[in-house]
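Let me begin by presenting the structure, written as structure tokens, before commenting on it.
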Amino acid sequence: MPWGILSKEAIKSFVKKPVTISYPINETSVPDGYRGLLSFDITKCIGCGLCSQVCPTGTIRMIPDERTKTKRRPLFELAKCVFCGSCVEVCPRKAISLTKNYHTAVIRKDEITI
Amino acid sequence: MSVCDEISNVFKDKVKCFTDKFGEVWIETRIDSLKDILKYLNEKLRFDHLSTITGYDTGKEIAIIYHLLRFGKGRAEEVNIRVYTNRDNPSVPSITEIYPSALIYEREVYDLLGVKFEGHPNLKRILLPEDVPEGFHPLRKDFKL
Amino acid sequence: MAVKLPIGPIHPMLKEPMNFTFYVEGEVVVDAEPNIGFVHRGIEKLAEKKTWFQNLYLCEKVCGICSSAHQGCYAQGAEKIFEKEPPEKALYIRTLMWELERLHSHLLWLGVIMHEIGFDTMFMYTWKDRERVLDLAELISGRRVGYSINTIGGVRRDISHEAIKMAMDVANYITERAKFYERVVLTERTILDRTQGIGYLSKTDAIRLNTVGPTARASGVRRDVRQDIPYGVYEESPFSIVVDTGCDVLARIIVRIREMIISAEIIKWILFTMPKTGSIQVKLSPFTKPPENEAISRVEAPRGELFYYLKSNGSQYPERVKIRTPTFANIVSVIHMVKGHYIADIPPIVAGIDPCLSCMDRVIIVDVNKEEKKVLSHQELRRYSIKWYKKNRAWVREERR
Amino acid sequence: MPLFAKLRKWAFKRSLWAFHLNTGSCNGCDIEILDLFTPRYDVERFGIKMVGSPRHADVLVVTGPITKKSLPRVLRVYEQMPDPKYVIVVGTCGSTGGLFQGSYNTMGSVDKVLPVDAYVIGCPAKPEAIIDAFTKLMEKIERGRK
């Protein structure tokens, strides 16, 4: 075929649904269990500090806080996070969870600290 | 006949050969007979694949391990040869004539541990910048982060 | 006239960054010298300061493309150190991820090599197909790249019914597409012109230089860690090793395309035979101290044999983690391959070993006699090579005959 | 604001040319950036284009914690870019050092070396987030900083 095999593919692509997603206009849907930004529920936290010990990057730091039993709570500087989810697995009270939020572009690094 | 027996038959008491619990064959030897053993393994026993050269610092000495593979029918056989060299002035003969791929591996060990490979054609730093001071070898145990 | 031509100081990957100095006579390369380390991040030293479990994520970041191979290889070695056997289902899921990774890596590479030889149409098609694989990976592990699915003693996530269904679709789709690509590669003149007879590496040289992975298999060397030192569930899995005796870049393309078909087959086999229930993990506390041990772990990463040497000293922190990445093993053979070829052939040859992408960011041509320097970016080198080929096409083909 | 300056800002905002620079990342972010230029994401519809030389670029997209060996090259590339120039850092390791904090061969983060305009956190970042970063940069240009 003088036109090559790819030309057939190109013509087929014209009639198919476009592959390009309309991202900034419509949100992309992510599957359940997506490892996005962390969320933290202080009411469940007991301040054990396990999460800060397993974190491979030093994202989690314990700071004093009156609301928990041990008078300290984790502070998540998410700018250092690699979204591995080991803190979620180790948390005995399920105070930390992964969300589907993938909007991680920031102007200042402390914007997403929780 | 296993590799261990063959090596022990030829090199007698120059080598100490054993199989660990994971099935890996380890040969421990001294620096002066290292090249002969590797040559024998390569030419006679057809261990023609050098996976890599590992170096680590035990605190007292520096250990160098040569990880070799032999392919054939069925499962490939693994042999690891370990030598120790002193820490103050570590030096090991280069094996680039036997295994050309060692050109890169030896440079890496030299760079990170400071082991001199006698006879290497182009022994200089490979991973760290060239302007790093003499004696900067990060994988030594006395190098603290 | 001897000309020195250094390529690529700004660099991509941990130990696989490449800056070559090519010595050229006219248009022909006579020698080459690698200079690497622009992406050396000190991972082996950092690993001594992190616990065994934290290192899972550090090892994953050695390479973003073959992340699962690195993490799996580390986990496999660490399981020997901890003397724990992972459950059967975990091995199946782990192998599934390894094969998915091979699919996405080979599709990526196919796009890159097509880009290097100036055939961007196919680059777009392959990357379009690659998205399907990434979507599946996202569904299984929760992230597109960097799956973090392995842990010491198993895997972290179970596979859902939805994922099994989708994996079946993806495997069928990729098989169909790989067959289509094979047909394109073998009939399209642009591709044949630029790849046939380029980067010749004979079988004896491939063995002598300890070449690994698809590069070696394209030279007729039947070596594949999956079969030689079986790990995961490869021992039971029926699959054949793809070997081609072409010894050139075209053979490397063909080997990788056929490997995609084999990978899809393995995925289908895994989905059929995987135990439906069962545990996926041996529970270990992240602060477990292993006994004193040393272990060697080998995995067939998409680019070839990946090697880990692990040593423990009885504490939470490893004593030594040694990593040898496949591209590091293949550098020596690249030097051998480029000798005798034209400057225009450098991009496909260097890309031919799959050196983790944009390895040649910049080219400086230094004329030794005149002490002149000419700086070429990688893009310019590519453009130059495409132009050169258009001009010299006829006699190059003549010469190769 | 004079009409011409307004027009220039409008045009600049809609034709950001990016130069991608790898300073020691693991390739994870790099393939995600390259992904932006392939059919699924296709950022060329926003006028963002990948260029092969820093001399043509408006935006420097940096990935990776700057290694000691690549540091002089990064500075040289940045100096070569014409004004006005912007820097986007993609990936956790470039933003804060991530897993490579405290290594003997990395600088830690890009903002120790270059002025950074936007960060994309993630290891690797999702392509959508990188598009977000470009959108945020466009907003920043709209507000006017340089």
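A few remarks follow.
Per-chain residue numbering starts at 1, and chain names A, B, C and D are given in the order in which the chains are listed.
Simple rule for what comes next: a contact is a pair of C-beta atoms (placed from the backbone, for glycine too) under 8 Å apart; a residue touches a chain by one contact, two chains touch by 3 or more.
Bear in mind that the values here come from a model prediction, so they are computed numbers and not experimental data.
Each of B-D and B-C has its own count of C-beta contacts, and the greater count is at B-C. Subunit B and subunit D have centres, each the mean of its CA atoms, that are 43 Å apart. Subunit B and subunit C have Cα centroids lying 25 Å from one another. Separating the CA-averaged centres of subunit C and subunit D is a span of 26 Å.
Counting only residues that touch two or more partner chains, subunit A has 19, 56-57, 82-83.
Under the contact definition stated at the top, the residues of subunit D that touch 2 or more other chains are 39-40, 69, 98-99, 102-105, 123, 126. Residue positions of subunit C with contacts to 2 or more other chains are 37, 40, 42, 45-46, 49, 57-58, 61, 128, 131, 146. Of all possible chain pairs, the ones that touch are A-C, A-D, B-C, B-D, C-D. Against subunit D, in their complex, subunit A makes its touches with residues 19-21, 23-24, 28, 56-58, 77-83, 102-107, 109, 112.
Residues 68-69, 102-105 of subunit D touch subunit B in their complex.
On subunit D, the positions that touch subunit C within their shared complex are 20-32, 34-35, 38-40, 51-53, 64-65, 67, 69-70, 73-74, 77, 93, 98-100, 102-106, 123-124, 126.
Here subunit C touches subunit D in the complex through residues 9-14, 37-43, 45-46, 49, 57-58, 61-65, 67, 108, 111, 123-124, 127-128, 131, 144-146, 356-358, 361, 377-380, going by the rule given at the top. Put simply, subunit B touches subunit D in their complex at residues 128-129, 138, 143, 145.
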